[in-house]
Every structure is written in structure tokens, then in C-alpha cells.
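Some structures are shown below for you to check.
Next come two complexes, and both contain subunit A; in the first it sits with subunit B, in the second with subunit C.
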Partner chain A sequence: MNLRKYLKVYKKFLHTSLASELEYKTNILFDLITAILSLIGSIFLLSIFFQNDGYIGGWNFEQALIIQGIYTILNGITNTWFNPNLTEIVKHIREGTLDFVLLKPIDSQFYISLKKINPSGFLEIILGFCLLLYCIKINQINLNLIFLTLCLTTIICSICILYSLWFFISTTTIWFVKTWNATEVLRSFLYIGRFPLNSFSLSLRIFFSVFIPIAFITTIPSEVFLGLSQLWKILLEVVIALIFLFTSRKFWLYALKFYSSASS
Partner chain B sequence: MISKLINRKVLTLLKVQYSNMLEYRVEIALWAISGIIPFFMLNIWTNNNLNESINISDIMLSRYFLCAFFVRQFSVVWVVFSFEEDSLMGKVSPYLIQPLNPFFRYFAQHLAEQITRFPFALIIVFFFFIFNPESIWIPNLGILFLSIVSTFLSFLIQFLIQSIVACLCFWTEKASSIERLLFIPTLFLSGLLAPVVSFPEYVKSWIYLTPFPYLIDFPANLLSGNEANISGGLSMQILWIFLLFPLFKKIWSEGTKKYTAMGS
Partner chain C sequence: MAQNIIDVRNLSKSFDISSKEPGLKGTIKHFFRRQTKSLKVIKDLSFEIKEGEIVGFLGANGAGKTTILKMLCGLIYPSEGSILVSGYLPFRRKENFLKNITLIMGQKQQLIWDLPPIESFYLNASIYDLDKFEAKKRIKKLSEMLEIDEELFIPVRKLSLGQRMKSELLAALIHEPNILFLDEPTLGLDINAQRNLRKFLQKYNKETNSTICLTSHYMKDITSLCKRVICVHEGRISYDGKLDLLLKKLSPVKEILIVCRSEEDVIKLENSGFSVKNKNKNEITINVENNSITSSLKTILNNFDIEDLFINEPPIDEIIGRVLIKKDYDI
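Then we have the complex of A and B:
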């Protein structure tokens, strides 16, 4: 019933946003080159860190590449779905067009989070997967079903946490109309997800696992890949992901009570 | 008479843009915060003793990254995004009628933003010194003056490059993807994430011929008291400005001929 309706609506979303994005074909080409260069750049930076003695935070270069791969996938997902949609919330609120969204007979969070899609992020996701496959080869990881389910669970949890963080910050614009730069702050914090958590000092480690759980987003899935992760860490990530999803949903519904349209 | 007129124009532009920017002080504060990536990098460097291989002490490295943060704060350029929006919305047309190149307007906007940003950057530096009291130092006046000059030159180079990219809007409508592409080498090669001295030889051999190390690495080294070739760096910066300026003028005059007033 409902699910089928939402699937149908989503298909329409895909169609319209792909059509509008493909209007700017050279744009997509440049974004593709950007994605490739960006990956090369981060591996280059990583290699500088490892030219000293081959270990940072107890991770060697081959292992740190896994983090890079997962980061690239998550970054691709962010660029494909979160970034185009959730920066749009700010525009909706500023111009008062959120009215039209709220009036539609469809869940507002669904509409606002999935309306747009940016196809150039796909390449990043593919690049990330290729890097991960390469890492599996050079780290000699044995693939089996339990391993794959655990990996998939942690990555899905990471995506949920990432989504909730973005959604949370975008929601705050209902109160502070002008703070669309808050997503830039989140973006720069997410940057540290490219490196193992252990390579930071203790105070930063605590900050990035308690206040903004960026640590969970990339480090735990990478540990799962290496078979280093304890079960409690995985369970913790699942719990945190559920808490984040739940509170971001509640926060959105709460924030909507304070929405007072623009120029009316 | 003419100089008086120019003076009046400059002052009026700056005043208008400054009061405009003060309106957006929360946004600018968030922008300032989003520039703290160099501090995360510093944390990785010192926490893993990576500086041993490049013979820079912890204190000098922390000063370097602090200066890199500071230089970046005052050389951020976003003219292409403003211009793209204005040109897509058709706002460029009234600007073109005025007897003033619209880029002066954007230039004043950037300067006004830097003035607004200054106190926030100082607050962040203040906090940095609270956490790292041993890295406090006072550069002598001559060095301070030279580094302000070189930071401004770095800003000019980036402003020119972005203005050239912005002019491509006349042909492609969306030029910001080209800017995002150019941002990748700027990010990884300018010294924001790792000082250029730490780069491997095969990069160091050609990088000083590109404009990138003069954007952040050179001014930051100068200000922090690390090794810097003062006359060489400054002359390279000036050389790049002399190369880019005629290119900008050319592309501007070609572009305005092509302009078709979108949205009217």
C-alpha cells in the first residue's frame, strides 16, 4: 500500500532530477574528473603521512586505505543524496516554499531527503568500491557470509548516522534561517573521517566519538573489514545509528511546529 | 579629481558591502570555524611524530599550521559562486550597465568579509594558544608586514583565477564545477594539509613552478618563522598576478560580448 506509493513517487523523483541534472552535461564531466583527482589527492596525502615509519595510530598504509575506500563511498553517497537535498531545506525555509512541501499528501521528511539526486556522486561510490576490493586483495581478507553481513550492517549504520547528522543540522535552519554554512562546518569535521581515529590525540578522539560520532562512521566499518572489531563495538554502532535516526525524525517533527513560513 | 572619484567609489563600495556582511556575521563565524582542518592535520602530525622525518620541531609545526589556518582565512575566495548565481538569475545585466566593472563589487565583498571575519579568526587563534601555550610567538614587524602583503597577493591570485573561471559562466552557465575541480589541487598542494617541504621529491621538483605553494605554504612559512625564500616567493606571486590579469581582462571582454542576459 503505502510502500508501493512511496516507491512510485521515488521513481518520479529520480526521473525528474536526473533529467534536470543531465541538462548540464559538461558539469557532470567536470565532477567526474574532480572525484578521481580528489581520491588521488587523498591517497597522496596519506602516503606523506606514512613516509616516516609506516604506521600511524597503529594502522599501516594498506589498512588505512580501507578507511579511505569507505570514506570515498560515504562521500559519494553524501554528494549524491544528502548534499543536494539537505542544502535545499535551507532554501525552502528561506523562501517559504516549505509550505508547498508540507501541503503535499506525502511524508515531508521523505520528500525533502530524497527529492533530488546528483549522478556525479555515483562515480565516487564506484571508485570507493574498487579501492575496497583492491584493499581486500592486498590485505588478504577472506570473504565469507558472516563477514559480508557484518560489513554491510556497519556501513548501512554509518550511512544512517551520516544522514541523521546532515538532517539534524539542516533542520536547525528552521530557527536560525541564515545558518546555511553549518553544513560546511559538518563537512570540514567529516574530513577527519579519512584517517584512523587512533591517529588523533585523546581529547579529539573523545570529542569525535561522543559529541559528533564521526569515529563510528569510518573507523568501525574498517575494523570490521580487518577482522579487528569486537562484537560490542558493532552492536554499539547499530544502537547509535538507531538513536540518531529516531531523534532526527523526532527533531524534524518538533521543529516543524516552529515553522512560520516566510513573508506571511 | 579622478582619484577623488575613485576614492569615493571605493569607500562607498566597501562601506555598503561591510554593512551587508555584518548582517551575515553568524554565517561568517561558521565559515571561520569550518576552516579549522589545519588543526586536525597538526594533531595527526604531532601525535604520530611524523615531523621527525622533515626536521621541523613540534612548536614550529604548530606555528606553521596556525599560520596556514590564518592565511587561508584571509584568502578564501568564492566569487565564482556569487557570479554564477547572479548570472543565472540575470542579475548581471544591471551591473553591466553601471560604469564600474562588476568584479569590483565582488572584490569589495571579499574585502568586507575579511574585515568581518577578522575578530572570529582572532578568537580561534586565542583558543589555539590556550591549548598550545608553548607555541606563542610574536613575529617582528617587518615579517608581519611582508606576510600580510604575501597573504594579500595570495588572495589576489586566487581571486583572479576564480574570476577567470567565473567568466566561463558566459559560455557554460554553470562554472562552479570547474572551480570545484581546481579546488582539489589547491587543497592538496597548497600546504593547507601538509607543509610542502614534506612532499616527496618527485612532487617538489615541479610544484614550485605552479601557483599552489604560494597560496598558503609560502605566506604561512613566512609568518611562522619557518624557512622561506622571501624575495623568490614574493616575486613568483607577483609574476603569477601579471600572468593572470591580462588573461582575465581578455576573457572578460570576450565574455561580455557573448552575454545574453539570462532570465530576461
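Then we have the complex of A and C:
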């Protein structure tokens, strides 16, 4: 793979999608307002849960805010990259415009996963990081290189798991043609990631860890933040992320053999 | 002699199609128990196309033309048979193969809707690994050939269909492909825009010796661009050869309308052995076989007092239309 070419193409993707989005200034403004209000609403909701009993699943409000911070970053990444690109796959397949993607001398997964960005999602990412910085202060967390590396690794792994899940569901469109509802279900599950994994019953914990590892993707990075995570859990997340990425890639390449293109 | 650039042998393609009965009952049945059947849409096709050729694929809706084009450019896997395009197996979609081909579809667009076409051109240029200088040079050359200038800087959503199609062509040709697959490129365009597009394709083919495979329902596209046509009927090739020959085969006679100075000449003409279609006062219409047009005209001009004369080609749409229906399956 020619890395220089891919970087050059990605630069163009950024340029064209930013230019496209900036054509509609009011829309961006509303998206930004929504991002701020959504974060305020989530923190308010969280504070209500913690009002009577100071702990949920062994986590206090200040600790749970870390999960909210990571969730906000992930949601920002979802809104910046996954939502505009991965929901478009369904459209590409339904309308047959995937033809143009497949006939370009570039990796089709790279093209359909990164072609667009929604700049208003950046604000959520920034807000998420600000919330995490605040959490570091109120939870009196010591910053060092190992801590930062582990945090970054687990957050990247969480992004990979979320991307792979979404991409996997979108790929099934090649057979089922319309899977918008499935991606909506995934987004709903992502909301669950705002709460500590321990706050759920055992059966739900198993479900959200094994079948749909949504809780995994916010809880483990949060535990790393608080120094509560064990090494095996971090390694497990890395392994899960790699398996998910590899499987979704192979599944995409396999599914393309069944692509029949839309009729003209 | 030009080499074969496309080689297709015993190509077949089947699709699984689901069918649904009408009404609520049918819908519920279709939801729980979908009935699918395998439908063979392409049946045992074999043909070759030489470098620099422009070949028209003719056929009724659903005959399989677009499926053939999509298999040739590697979008659809064939069920049986083999395809070689420029020495590559298309469905493997190797980088060098993709740099050699392009697909243009009249009903689908790749340009970024909210931005001027120039942005899409530079994006494509980066995908095809062209530097900015080379991209600029090619955009300038192609925009001159396509006669577009200011349109390059207007958002696509504000362009007319004709301007958009020209921009689509430019976006699809920026990497200077050797093989062009065009699926109804003039669909929805007005007569002038159609003519300009045809003019451009002729020029492009002449200048670059590129191979063009074209499908169109506008006969003018076929007659002005393609010397060779492949007629497809229900997934099979019903004719593969020169368009002239096909037309002669399907319409062996031409109509000649003769305006005589007197009604006497009309009667004389009627009795001189010509096949008369109709007559009206001093006008008579005769059918003459294509191969005897010159001799018949000589006879008429030398022996009769003629005021005017018209040779009418039979309407090509009508002739080709006959190829597309079942009764003319074996030409």
C-alpha cells in the first residue's frame, strides 16, 4: 500500500468534505448546539442516578464522569466519521454508486470509511477531552507516560471495536439491501456504554461484553483512567479490537463477491 | 493489425431473484418465506473486441447489456466462462487494470453534489496518483475538448444535466483510460447536448485510440459512433457484426419518391417493372433493392422526365426495434 498516496487522498477527503459541510452554515451551527446540549443533558441524567445512592456498580459520580467523557469522545468520533460514511454504505449499495468506489484504484474500505467527515463532531471530541481533563483533576489522577499510553491504547481499541461492529452491520447490506435499523440499534446500544459495566446484572454484563462488546469500549478505558484495570483486561481489549478489525475486513472482501450492483 | 483488448469466452451470469405475489397476503408470505429462483440473465456469450474499436451493445430493457458491461469492468463476478480485458481478469480489480478503464453511467453520478466539479476532478487525480501539475494539464485539455469552462467552478447541484454529464465525463477520463465503458451516457440529454457528447467521444477515440463499449437506447448514438454492434436478446448474442450489414440485412430496400413532370411518366414508370409502393397524381414511390440503387437511378433519370427525386432511408429506430423483439431472434 502506497502510504504517501493514501495520505494525499485523505487530505483531499478532508478538504472536500469540509468544503461540502461549510456550504450549509446553519446546519453546522445547529449540530454544534446539539452537541453541547446533549453533553449537558447526559451529565444531568447521570447526576440524577447518583443523587440518592452515591454509588452505582461500585462507581461514584466523579468516576462515572470519566465514562461519560470517553463516551462523548467516542460519540464525537461516531458523528465525525462513522455516521456520515458508514450509513452511506447502505445508500451506495441500494443505489449502485458503490460501482464508482470499486472501480477506483484505491482500497474500497478506506474510501467508503473515510471519504466524508462531519466537522460538528469535532466539538464533541474536544468536549469529551475537556471532561476527561476535569475528571483527571477531580479524581486526582497522576499523569505519566505509561498512564497516557495505556489510555490512548484502550481508547484506540474502543474506536476499532465500534468501527468494526458498525462496518460489519453495514456490509450485510450487500445481501439484505437495507440495514438502517440495525445501525440504529447499534447506536442505541452505544448509549448503554455511558454507564459502568458493573451496574448491570450478570446476564446483561455477559451480553454486553461477549455478544455486543459495547460496555467494554467505555468501561475498560475508564478503569485504566482510574488505575483499576488489570493488565489482562487491557490485553483482552487489544485482542478483541484486532479480531474485530480483521474479521470486518475479511467479511467486506468476502461480501464484495456477492455484490450484484443496482440495475440501471 | 489491432490486437484483441477484450476477450470473452462462454460467459454466463445467474442472479437469485425473489418474487412476490400481490396484496397483503402476498406481502406477509414474502416477508416470512421469500421465494427465490435462480435466473440466468447472460447465456454463453463469446466475443472479442479490438483495440480502438467502438462497439455498441443493443438490446431491449433487461436484455443483459448493463450486466455485460459490469462484468467487463469487474464489478460483477461471472457465474461461468472467462473474461480477459487488457490481459487482466476484471473481477480481480488489480490497480493497473483499474487505471486502464473507466465506467460512465448516464443515470448515476460520482461528482460531489455540493461542490464545483473541479474539486471532484482533483480528488480523482489524487486517487489516480496524478500530481497537481499533470492534473491541471489534463483538466485543461479535456475541458477544451468538452467545451466547458465556467461550469467547472459552479456547484454541481446548480449545473444543467448536459453540463453535469460533461463534468462526469471529465471526472471519469482524468486518468486517460484506454477502455471506456459507457452505459447510456446520453440519457435525458437534449439533442444538442447529445450531439456534443457524441462529437467528443469520436474525437477522444480518434486521438487516444481508446476502445469504447457503449449501450444506448438512442439510435443516433449507435449509428454515429459504432461501426460494430452486438445485439443482445434475453442474455444471448443475436447479432455481432457491422452495423451497415445489419441494416442492409434487416432493410434490403430503399424507398425512392419520384416527382414526374407529367402523369404519363408516372404510368410509364408503374409499368416498367419497378416495385411500386404507392402513387399520387404525378408522384410515385418505388422500392428498390440496396444493391441496385445506382442502376435503377440511371434508368429513371435517362428514360423519364423527372422534376425531383428523394431517396428515403427507412427509419433506423424502426429497423433496430425489430432486432430487439423476439421474432427476429435469429438474424
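Please note the rule applied: the second predicted complex is superposed on the first by the 262 of 264 C-alpha atoms of A that agree within 3 Å, B and C clash if a C-alpha of one lies under 4 Å from a C-alpha of the other, contacts with A are read in each partner's own complex, and residues count from 1 in each chain.
In this text, contacts are C-beta pairs under 8 Å (C-beta built on N, C-alpha and C of every residue); 3 or more make two chains touch, one makes a residue touch a chain.
Being a predicted model, the structure only gives us computed values, none of them experimental.
Engineer: Do subunit B and subunit C fit side by side on subunit A after the overlay, or clash?
Structural biologist: Once both complexes are aligned on subunit A, subunit B and subunit C fit side by side.
Engineer: Considering only the touch criterion stated at the top, classify A:192 as touching first (subunit B), second (subunit C), both, or neither.
Structural biologist: A:192 sits against subunit B, while subunit C stays out of touch.
Engineer: Would you check which partner chain A:56 touches, where first means subunit B only, second means subunit C only, and both and neither mean what they say?
Structural biologist: Only subunit B; A:56 stays clear of subunit C.
Engineer: I want to verify the contact counts: of subunit B and subunit C, which reaches more residues of subunit A?
Structural biologist: On the superposition, B touches more of the residues of subunit A.
Engineer: Looking at the overlay, does A:260 come into contact with subunit B only (first), subunit C only (second), both, or neither?
Structural biologist: The answer is second: A:260 touches subunit C but not subunit B.
Engineer: In the overlay, answer first, second, both or neither for which of subunit B and subunit C A:34 touches.
Structural biologist: It touches subunit B, and subunit C stays clear.
Engineer: Classify the contacts of A:144 with the two partner chains as first (subunit B alone), second (subunit C alone), both, or neither.
Structural biologist: neither
Engineer: Just checking: does A:230 make contact with subunit B only, subunit C only, both, or neither of them? Give me first, second, both or neither.
Structural biologist: A:230 sits against neither subunit B nor subunit C.
Engineer: In the superposition on the shared chain, how near does any CA atom of subunit B get to one of subunit C? Answer in angstrom.
Structural biologist: 7
Engineer: If I apply the document's touch criterion, which positions on subunit A are contacted by subunit B in one structure and by subunit C in the other?
Structural biologist: The answer is residues 24 of subunit A.
Engineer: Within their complex, state which residues of subunit A touch subunit C.
Structural biologist: Residue list for subunit A touching subunit C: 2, 5, 8-9, 11-13, 15-16, 19-20, 23-24, 95-97, 99-100, 102-106, 257, 259-261, 263-264.
Engineer: Where on subunit A is subunit B touching in the complex?
Structural biologist: For this pair, the touching residues of subunit A are 24, 26-27, 30-31, 33-34, 37-38, 41-42, 44-45, 47-49, 51-52, 55-57, 176, 178-182, 184-185, 187-188, 191-192, 195, 199-201, 204.
Engineer: Per the contact definition, I'd like the list of subunit C residues that touch subunit A in the complex.
Structural biologist: Interface residues on the subunit C side: 15, 66, 70, 73-77, 93, 95, 98-99, 101-103, 105, 107-110, 112-115, 119-120, 122-124, 126-129, 155, 183-184.
Engineer: Using the touch definition from the top, list the residues of subunit B that touch subunit A in their complex.
Structural biologist: 24, 26-27, 30-31, 33-37, 40, 43-44, 47-50, 52-53, 172-174, 177-178, 180-181, 184-185, 187-188, 193-194, 198-200, 203
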